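Here chain A shows up in two complexes: once beside chain B, once beside chain C.
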Partner chain A sequence: MIETGIPKLDGYLHGGIPEGNSLVYYAYPGVDGGVFGMQTIFHAVSGGRCGAYIASSTDPRMIRDQFMEFGWDMGESVFADRFTIVDAFSGLIGADSQERYVVPEPDNINSLTQCIKQVMEEMPEPGIIVFESLSTVMDLCGEKETLDAVLEWNKYAMLYDHVMVYNFTAWPYSEETLLQVKGDACNSVVSVGGISEKVIFGWYFGLLKLDWAEMIRKWVLFKILKPGGVRIYIPKILVTGPFDAGKSTVVHALSNRAVSVDRLGTTIALDHGHIDHNGFAADVFGTPGQERFDPIVKLLSGEAMGVFLVLDSANATGFARGVRMLEITESFGLPVVVIANKQDLPEALAPEEIKTRLDIPESVPILPAVAADSEGVFEAFETLVEMVMGVN
Partner chain B sequence: MSTSEMLVKVLGDLQKIGEIEASAIATRDGLLMSADMHAKGDPETFVAMSATMLGAAETATSELGKDVPNRVIVEADDGKLICMGAGPKALVVVMTAPGAGLGLVLVEMTKSAEKIAKLI
Partner chain C sequence: MVYNLGISRLDELIGGIKGGTNIMMIGPPMSGKDDITNSIAYHGLIDGNATVIVSTREPGKNVLDWFESRNLNILMEHIGIVDCVTRTLGFGAPETENIKMASSPVDLTGIGVKISQFFEHFWMEVQLRETRLCINSLSTILMYSNLQTVFRFLHVFTGRIKAANALGVYVIEDGMHDEKTIVTLKQLFDGMIEIREGEDGYQMRVVGLTPKPTQWFDYEIDGVNIILRG
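And now, the complex of A and B:
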């Protein structure tokens, strides 16, 4: 089994790609799908596997730079005997190549096949072979020729227990070609696309095909971070709650970068922060808590995908106001996690005690935290993310 | 052309008048739809704050029984920040260069806002 390193995807693949199997990242034009293959091979190689990256549209030196942009240093000496770039580009422009494997005629499919087979034979142990761009190969060598070759490569990979991964962009090829790439060519297909439905603008991925286990039909939004790579993305998480419960502190404790509009120690407009944690990225919006700001709170809470209700565990008089804020933000029906903050205060109530005093559904989790010390906030984030993912 | 590509075109056309340092389209509740920041600043935060500002201005005037304002203009020594609604769901916001002529920017922004309102 070789993991892809793409958050959530390995779960959907039931652990990763089993040896001898193939996967295609099927990206729609306009979506940067190339990073999926790059992240997959980086994850595999840094995890101790062998990997070969077939460069067909970019100079290998620039490929190394592209990896570096994401913070993946493929030139590290520990990778030297495990990672190779197969140069199927320099031959096109008549340039010299420094790489160990060079395809002399990249526009001739037999020349490419010969080189790929050699790579598979010489790889010291079962590893992973990632194509920078199968579409480029198709443009150079022909659609039918390339598809026939893919079947041959996959068969060969099966023989040697290698994993094949293709980045493919669905340019307007013939209907038959596209159907085959999505269908019979490989053991699994991950669709990578863009959405601009309603007002959510972003990118998603999900499984189109899986033949080694039961297919999980889920779609997740993602974002590409540099450095970082593919992250599951939640465009809006709302942080709300009564005055002085610690909402801004929670936003800052969770975020890598955050800004607050506060005057005289209280938020008057909005806290806004970016979270990057454990493969998940999210933008958080923290609302003011005082009643005079309610019109703004209502205005800014639209389109949230999940909600944190922050409570001061030592101040039970604010609990009713907290529930009221869930109403103002129209949060009922959305995934909600209650953060029982300020657990370090001597008079703080335990989460179970708070539950009995709070008029909210039984299913809403209440988690302890000391946001000022960053205690418990990431546990709450992980809980909320799981709930948001479960809804889709 | 997808909707997001159309929004990119609207912002591109708006940039052509020059003296615009950053521009963005967002939902009224502060989610980014499209931005051209010239590699400066963080677009998500920029639009979240702009949406807050516009919403707060609309709330403030309506408290006094006035109509919804046409736009919010923030004047600073090194530029002007202009934010206006683009239909019920969206808004458009720009940051101009210090010497930018307000008249031309407002005329072009109004045109952009009308286009955005039809797209979303």
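And now, the complex of A and C:
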């Protein structure tokens, strides 16, 4: 198996891409699907695999810079023997190339095929071959010619147990071409799309096809971070709970950056933070806890995808108010994780004890935390993310 | 949602260009199309529009300099430039707030991604609802990609202009392409700014945005303004 390194995707692929198989990242125009292929080859090469990157629309001198923008140093000496760029670009603009593998006529599919086969033969062990842009190849060489070549390359890769990965932009090609790219051309297809109204304002991915295992039909929102690459994105996680339970502390403990609208340390409007943790990105919104701010709490809760209920483990009198806040925020039905905060206080109740005193469904996890010391908050975040992904 | 070109006589004749309109600007080399395009972008900025310029012939910094060097009273944060040149030349210039880098004029996928990123930025973060997209020029893109490929690209992005109620201006060199290319591309546009060489210089007219083509006007470029005569 060769893992893609894309958060959640390897799980959906049942561990990664098996040797000898192929995958296409099928991106809609205007959506940055190219980073998926880059992240996949970086993950494979940094994990000890051999990799070749077929540059069809970028000067190879710029390719390594593009990887660096994401924090992936493909120029590292340890990668020198394992990472190759196949230059299928310079020939187009009549430029010289310093690369070991150069396609002399990038607009001739036979010229490309010859070079790719040579790369496959000379790769010292089963590795991964990633196409920067199959659509550019298609534009240069023709739709049918390229699709025939893809079938040929995939067969050839099977002989050497290489994995083939294609970035493809779904420009309005013929319906037959698009169906074939999504259908028979490869063993698996990952759709990379955009949520659009007037403009594209959100991105998602999910499996369209998988022929080596049962297909998991889930769609996941993502963001692209520089550095970082593809991150699963949860646009809104609500942090609510009674007054002085430590909601702002949780938001700040979780976040790479956060702001609070408060007065004398008490949140009077909201806390907002952005989390980037373990392949996941999320925006968190903390509510005030005092009853007089309940109208704001309701406003803040709209369109949340998951909820943290923060409780002061040493103050059981606030538990009922906590449950009431879940009602105000209309959070029942959404994934909820209770953070049993202030576990370092001597009178703090254990999560099991808190569970017996809370009128909430049995399935809601209650996790211990000391947010002031950042203890337990990321475990709670990972639990909530898994629940959000499960619902999705 | 109505846009003006900032060329007063033409704007009066057209009576405002409705949102979602795509215009081809076609004219001979050296007729000032770069300045006319930048002038249309500039007047958009004056009107509070966001402007995205795809530059396939000049490095993005040069385009930005055009605006900065004229000490114009505009918000520079409302300009986005997709630079298709710098990285083709092998320079590893970093992206800035105003300039995003496409790999090359061949990289239509990358150009499309950068346009979309600017559109999202201006719409969602800056909250600007009126946007102009200027592609200068399609001729360079056509040098590297075939007509069918460029048609597919434009088919998608002229559609996005319509969806966003934006204004699209696409520059093309007259005399550089065959008749079939021009006729094919014309299908995608709602109107044209035509430029030709006259007796005393260059002339322009607008076709398709008024019931009948406007008359030909001699014009001169005066800083950021295009002044029509006749």
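Here are some notes:
In this text, the second predicted complex is superposed on the first by the 386 of 392 C-alpha atoms of A that agree within 3 Å, B and C clash if a C-alpha of one lies under 4 Å from a C-alpha of the other, contacts with A are read in each partner's own complex, and residues count from 1 in each chain.
Convention: contacts are C-beta pairs under 8 Å (C-beta built on N, C-alpha and C of every residue); 3 or more make two chains touch, one makes a residue touch a chain.
Quantities reported herein were computed from a predicted structural model and do not represent experimental measurements.
Taken together through their common chain A, the two structures put chain B and chain C in a clash. Applying the stated contact rule after C-alpha superposition, one finds that A:89 touches chain C and leaves chain B untouched. In the superposition on chain A, A:261 makes contact with chain B only, not with chain C. Of the two partner chains placed by superposition, only chain B is touched by A:285; chain C is not. Looking at the shared chain after the overlay, A:57 reaches chain C, while chain B stays out of its contact range.
By the touch criterion defined above, A:30 lies against chain B and chain C together after alignment on the C-alpha atoms of chain A. Between chain B and chain C, it is C that contacts the larger number of residues in chain A. In the superposed model, A:387 makes contact with neither chain B nor chain C. Look at A:133: by the touch rule set out above, it reaches chain C but stays clear of chain B.
Contacts of A:296 after superposition: chain B is touched, whereas chain C is not reached. In the superposition on chain A, A:169 makes contact with chain C only, not with chain B. Working note: chain C versus chain B after chain A overlay, options 116-124, 134-142 or 170-178, clashing stretch identified as 116-124.
Shared contact residues on chain A (touching chain B in one structure, chain C in the other): 30, 194, 196, 199-201. Within the complex formed with chain A, the residues of chain C that make contact are 87-88, 90, 92, 103-104, 106-110, 112-113, 115-117, 119-120, 123-124, 144-146, 148-149, 152-153, 155-157, 160, 163-165.
Listed in rising order, the residues of chain A touching chain B in the complex are 30, 194, 196, 199-201, 235-236, 257, 259, 261, 269-270, 272, 274, 283, 285, 295-296, 299-303.
Those residues of chain A lying in contact with chain C across their complex are 27, 29-34, 56-59, 61-62, 65-66, 89, 92-93, 133, 135-136, 139-140, 167, 169, 171-173, 194, 196, 198-201. Residue ranges on chain B touching chain A, taken from their complex, read 2-5, 27-34, 42, 44-45, 48-49, 51-53, 55-56, 59, 89-90, 120.
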